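Alright, structures below, take your time with them.
In what comes next, chain A is part of two complexes: it sits with chain B in the first one and with chain C in the second one.
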Partner chain A sequence: MRRIGIALLQVLGVTVAVFALSALLPGDTAVVILGRHGTSEQIAALRERLGLDEPLPSRLLEWFGGLAHGDLGTSLLTGKPVAEEIADGLATTVVLTSCALGVILPLALAIGVLTGLRRGSPLDRAVNSVVVLLDSVPEFALGLLLVGLFSLRLGWLPATAAGISGTSLLAYPAVLVLPVVVLVCKQLCALTRQIRIGVAEAHTAEYASHARMHGLPERVVLFRHVLPNAAGAAVQQLARTVDGLLGGVVVVEALFALPGLGSGFVDAVRTRDLPTVQGYALMFAATTVTVNLLADIAARRLVPRREVAP
Partner chain B sequence: MSRPLLDVRELGARTRTTRLLGGVDLRVRHGSVLFVLGESGSGKTTLGLALQGEHRSDVALSGSVRLDGAELLTPSERARRALRAGRIGYLPQHPSAVLNPVRRVGNVLHEFAAACRTTRSERDAAVVRAVETAGLTPERRLLRRYPHQLSGGQQQRVALAHALIAEPELLVLDEPTTGLDAVTRAGTLATLRELARNGTGLVLLTHDLGAARGMADEVLVLRAGSVAEQGPAERVLDDPAHEHTGELLAAEPRLPATVRAPAAGGTRTPAGGLRASGLRKRTASGAELLRGVDLSVAPGSRTAVVGRSGSGKTTLARCLAGLAVPDAGRVELHGKTLPSDINRRSRRQRTRVQYVHQDARASFDEFRAIGAQLARTVRPAGRADEESVRQGVTRTLNSVGLDRAAARRRPAGLSGGQLQRAALARALLAEPDVLVCDEITSAQDVVGQAELLGLLRRLTADTAIGLVLISHDLPAVASLVDEILVLDAGRCVEHAPTERLLARPGSAAAAELVTAARDAPGAALSAGRNDRPARRRST
Partner chain C sequence: MTAANIDRRRLLTGTLGTLAAGPLVACGGAGGRSDNRLRAAFSVSGSRESLDPHTGSLFVDQARSKALFDTLVGYAQDMSPVPRLAESWESDADGRRWRIRLRAARFHDNRPVTAEDVLYSYRRIADPATGSPARPQFSGVDFGASEAVSERELVLVLGEPDFAFPAAWGAPATEIVPANTADFGVPVGSGPFRFTSFETGGSAVFERFEGHFDGPPKPAELEFVPVNEAEARVSALLAGQVHYAHDIGANAVEMVERDERAEVLSAPRSTMQAVAFKVDRPPFDDNRVLRAVLSGVDREALVEVVLNERGELGNDLFGKGLEHYPEDVPQRERDVDRARKLLREAGARGLSFELRTSSADPCFEPAANLIAEQLGEIGMRVTPRVGPSETHYSDIKKHGVAGHTRTAALPITTYLSKRLRAASVSANYTGYDSAEFDRLFDDAVATADERERAELLVDAQRHARNHSGVMVWGFSDWNVAVSSDVGGLEAATPNSLNWARFDGAELG
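For the complex of A and B:
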């Protein structure tokens, strides 16, 4: 219960911080809309119309007031409700991240368990080197590399997803391949290694060999004794992986021209569209905090004795 | 004569570089009890595993181990486990390590039962029987617990239930009594006697000579991986042929016949020393750990705090040192109240009360040399001069029997006993008024324990250091201390001079401890072998 309260405060804290930071950025929406050629009178008039002339705290309070009614405000740029703007990008991002997660989870589990059981073997070392190598390449570099190879050189896969968005992406799986691969490569490492080390430790632990001495088949030892011990830390790492995906998605969407939350967020910041930025920030913060909260709850259930502070 | 249950010949074990065991021959019959005695590092645990055909992954076995005629060493791991599953039960040395921390104890027991029982009702019955035989009540509440919700004694009994689940013909028990308080220990030994009476063959790997006196048929003394002496228990224990057996016997703690005279200079002066009054402490969940404990330690006097596990001994010690903050009550030193939280004690106050932890290894930084770590403790005490600090460290280390070379090593390069001495040196370097030692000997074998206690006696003999010894082992500390305080369920049930407490314990808890101690090791000289149960021998 207390944990949930803290989570709410965290989300609110993030929105306030984002608000303050965006207020520090030079320029505002009026300048962006009118461009370089707008006169100062025009800018002032537009500012008044958009409500930008009011002091910051009162704008923030107004925004919170709207939030209490479930209203995220309206975009300064397009005049559409922010909720609608976000919903546009949401489907794309959800498809992208869940595809990535759908690949990462089984892959990390398989590689982690396999190498964990054979820690120190040539296979373990080879697989680990590859995973770490992939982790150390930045997303944009990897993305450009893959586009260069598969789209431009070989022409197997489309380089961008221009024009396709939301659930319609699922109808064109080829478009998804490169973005998902980039996301997976970056986020696979930490989870795999967490599972690997957890499995390796539990596998060689005294209680595991004790269970083997009692004549339990290796399969039972693995599923009942080894994996449950590795699960606690892995679930928390999984939450961090989801966080990482949300970060990665910003880069990947920009790279592949996918109209998702990430590119929407970037656009909103560029145009100083404060209510929209706030909406996105709230969205990301809420997701991150919820995921971590769920992971903490799951870990508490999985590890009856909590020695590591959350 | 029937075929022995376990027939071991020329058993050897070695790693790539060292020989761990060599030329061990032994036989165990149904219902007979073999004690393997030896110091730590003598190869007991390796032998215990080898008796079942098991070994650490870097160890190779040689020779022959036959269980009821079937060879255990040669077959594949799978075949061997099938062969021995259900026939040999094994209680490892650290029961807590074999309990899976994320599984309920009952579920694991059921799983183990499934390896040898097919139907669900058979399995349930086997679990209940094993738990009962191990001396626990097989109620749902207990079986649904996780290992960390059990006390040390209960964990040990759950591990024993693991070993008993298949109703094995042979039980191999590695240090089954180490770390248990006298009362729990007596209970465990009674359980084992009962098992032997019913025909189970027992092998106990231990340094607990008292237990050997009470129940061994045969004794094998192991030294550095070889058999030093082997034979019927009466002969080996009463008339040892090998000098090493004699050494082990001499190191055994006994309740003293004569008690150290009270510290000279009259009885306690109320102003001096460490006084604690009305200490109370609860856990976060409301369980009471201490319920109003008073304690006073005059300069130069030695007090032991004894009691069963879970009676609040360590909590009391930690409250004295300021490591745990009591809910009520206060701690005074030389008449001045000490802040109850160590963080609020001044540097000077902190050095006055020094605490020596049970687990010496855990109390050192594993990455720094011992000498450097000791020097670090001296510096805040005020003497800044590097050279004198180094000399002081060396001198103190010498006084506890460690040389310069040891000071340069990291903790991993020292044995448990050496580390405990270094920890003692570290505490002494702070020039404390009071030294609180929390179970500092419980991880040591008898020889190490005797050395450590002797050292403590010598170091505090001519000083004004007040000593508080926390221990579950009454016979070990009784000869060293002036006064004994008996804790039971967080309450001080008795506080009396050693002599009186041993002769006329005034409380049930104290009487129980003294009786258990007399029945066990110390009884050897006075009571003889009267406590040995009459047991029919099927030969």
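For the complex of A and C:
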């Protein structure tokens, strides 16, 4: 319960910080809507109509008041409920990140275990080098390189998902391949290395040697002693991988023309649509905190002796 | 080109181009569409989009409006008006009463386009509640005195004489909609394509309108595909996912030119690149300081480096190549000695100021750096200040003394009226307020004789060139890319009739 209370405070802290930082940005929605042709009078009138002339604390309090009733507010730009705005891009991002996670998990596990059991071997060094190399290439550059090679040169895969969004992406799996590969390449490294380290440590630990001395087969040592002990830290790294995926979709969605949460969030910041920015921030913060909380709980259950920082 | 000018995007686009080169296999996108559907990729604005032709201000808004609706006139490449829904027009002797005769045209629901529809549309645009960017074009219309004379003839009455008024009828966001239309969820227009579907932030699909006055368009369907990143638009085009990529940016031009699957349509002199110096406050309220800057800038170097030689030299005048542009004004050359002398006379040696710039246009930031360097050579300390692109124009209007600006092609009379007259408060970035210029301009538009009007317009532009604070250093091309499988599209400057006009496109 204490962790849940702290998690709620963390989410609220993020929303307040995002509100304050957004308010510091030059210009506001009235300026963005009226563009270069808006006069000072028109901007002032629109600002009043949108409630932007209200003091910041009272706008924040009003937003929290709505939130207490489950209302994320209304977009200043479109007049649509913020929840609807977010829902528009949610399916696209969920499809994208789920597919990426579906690839990262088994791949990281396989590579991590394989290299962890053979630490220092040529295979370990080679695989480690490739994974680190992929991690070091920025998403934008990696995306362009993959598009150039697999779409434009070889013609194997679509270059973008232009015109396709939401769950309809699943009907065209080919358009997901490159965006998912970019996300996987960027997020695979940390999880793989964490699993590798955990497995290597557990594999050479005293309790594993003790089990072997008692005649347990290597397969049993691996599954009963090595993997569970390596899993604690890996689960917490997995939570950070989910965070990384949410950050990565901002670039990947732009590069592959996928209208998801990342694009929506950037659009909301660009247009200074504060209630919508708040809605996205709340959702991202809640996801991050929840995933990390679940990871901590899972780690505690997997390795009961492990002390997990609150 | 110096190393500093090779930016991240240019490098990545170059790499993409290298990988893309060679004999290639196109890879189509999603299926389930007509073989005769033209797909055009544009940058979009996300959730705030609508198909209301009177409120949109982005290129994609204009392109969709052009497909669904018509205007009374269009603009030729030199921005002179050419008839569209208006078959003919004439004014009275003093340019206040304009009689317009409409051609026989029908809306998509088979209703005829009438004079009442035109009056309704223009009233709606002029109404502040609509929030139309075209509102200033109709602020001088006396709608109480204006009337529909018959089903296909109307009279528009102006408060002041204006022989340049027909230019207003072809401006963006001046499309004719059926009278009393307020909801554009399922828009009905008279354009070459009729509405099929639209999702905010997503694709818009339109189908051929057989009853268009210009004949039915060649593509059976037209789809506007949202792709915000220029690199992604080019990738989608080369991969065969779209047929048309709007605004590909100078960086991708060479790459597309090397690729046999697509071609670049470059419209020269499409966008004026300028710096607005505020002449209503120090230091540029001293004309010697302004002239020092105008003499101290090396426009040729800017065109060579910033536009990568894909543009033309500016001469501190808007609208190169357009109707009424004063071609005979000598090119302003860099004169460092004169610039230094002017600064000395003004007691402004060592003057420092911030030059506001942003990524609102890809040329702004590199141009700011080069201008700072050039003006440093005449004894000024210029610091480029990078701000957010989305509020750039509002920022330069309100703050500072100098900022980058750009303007797409418009009729020169529209530009002079909306950007330089003292009364044009919304888009006057320099605070230029000259009774002399206003008089010359007002006399020009009130002059019936075309040659005399042209001479007065040239005089007004000459005056503005030296005093308005707009330093025009170049004109950039407007680049779009089209698939080699598509014919019937031509290079056209934004705002012109042929820009983003897809009714004549032929899919091979």
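The working rule: the second predicted complex is superposed on the first by the 307 of 310 C-alpha atoms of A that agree within 3 Å, B and C clash if a C-alpha of one lies under 4 Å from a C-alpha of the other, contacts with A are read in each partner's own complex, and residues count from 1 in each chain.
Following the convention adopted for this analysis, contacts are C-beta pairs under 8 Å (C-beta built on N, C-alpha and C of every residue); 3 or more make two chains touch, one makes a residue touch a chain.
Note that the structure is a prediction, hence the values are computed from the model and not measured.
Undergrad: Let me test your reading of the model: by the given contact rule, A:75 touches which partner, first (chain B), second (chain C), both or neither?
TA: second
Undergrad: In the superposed arrangement, which partner chain does A:232 touch: chain B (first), chain C (second), both, or neither?
TA: In the superposition, A:232 contacts chain B only.
Undergrad: Examine A:264 and indicate which partner it touches, taking first as chain B and second as chain C; both and neither are also allowed.
TA: A:264: touches chain C, not chain B.
Undergrad: I'd like to know which partner A:224 touches here: chain B for first, chain C for second, both or neither.
TA: first
Undergrad: With the two complexes superposed on chain A, say which partner A:212 touches: chain B (first), chain C (second), both, or neither.
TA: first
Undergrad: So, does A:302 touch the first partner chain B, the second partner chain C, both, or neither?
TA: first
Undergrad: Could you let me know whether more residues of chain A are touched by chain B or by chain C?
TA: C
Undergrad: Answer with first, second, both or neither: which of chain B and chain C does A:139 touch in the superposed model?
TA: neither
Undergrad: Would you mind listing the overlap between the chain B footprint and the chain C footprint on chain A?
TA: Comparing the two interfaces on chain A, one with chain B and one with chain C, no residues are shared.
Undergrad: Taking the touch rule as given, give the residues of chain A at its contact with chain C in the complex, in rising order.
TA: Against chain C, the touching part of chain A is residues 25-27, 31-40, 42-43, 75, 77-78, 80, 85, 88, 140-141, 144-145, 147-149, 151-165, 171-172, 175, 254-257, 259, 263-264, 267, 270-272.
Undergrad: Using the touch definition from the top, list the residues of chain C that touch chain A in their complex.
TA: These residues of chain C touch chain A: 12-13, 15-22, 24-31, 39, 41, 45-48, 57, 128, 131, 133, 136, 200-203, 223, 225-229, 231-232, 235-236, 238-239, 241-242, 387-388, 390-391, 393-395, 397, 425-427.
Undergrad: Which positions of chain B touch chain A when the two form their complex?
TA: 52, 54, 81-82, 85-86, 90, 92, 94, 97-103, 108, 111-112, 115-116, 146, 148, 162, 165-166
Undergrad: Could you list, by residue number, the parts of chain A that touch chain B in their complex?
TA: Contacts found on chain A: 205-208, 210-216, 220, 224-225, 228-229, 231-232, 302-305.
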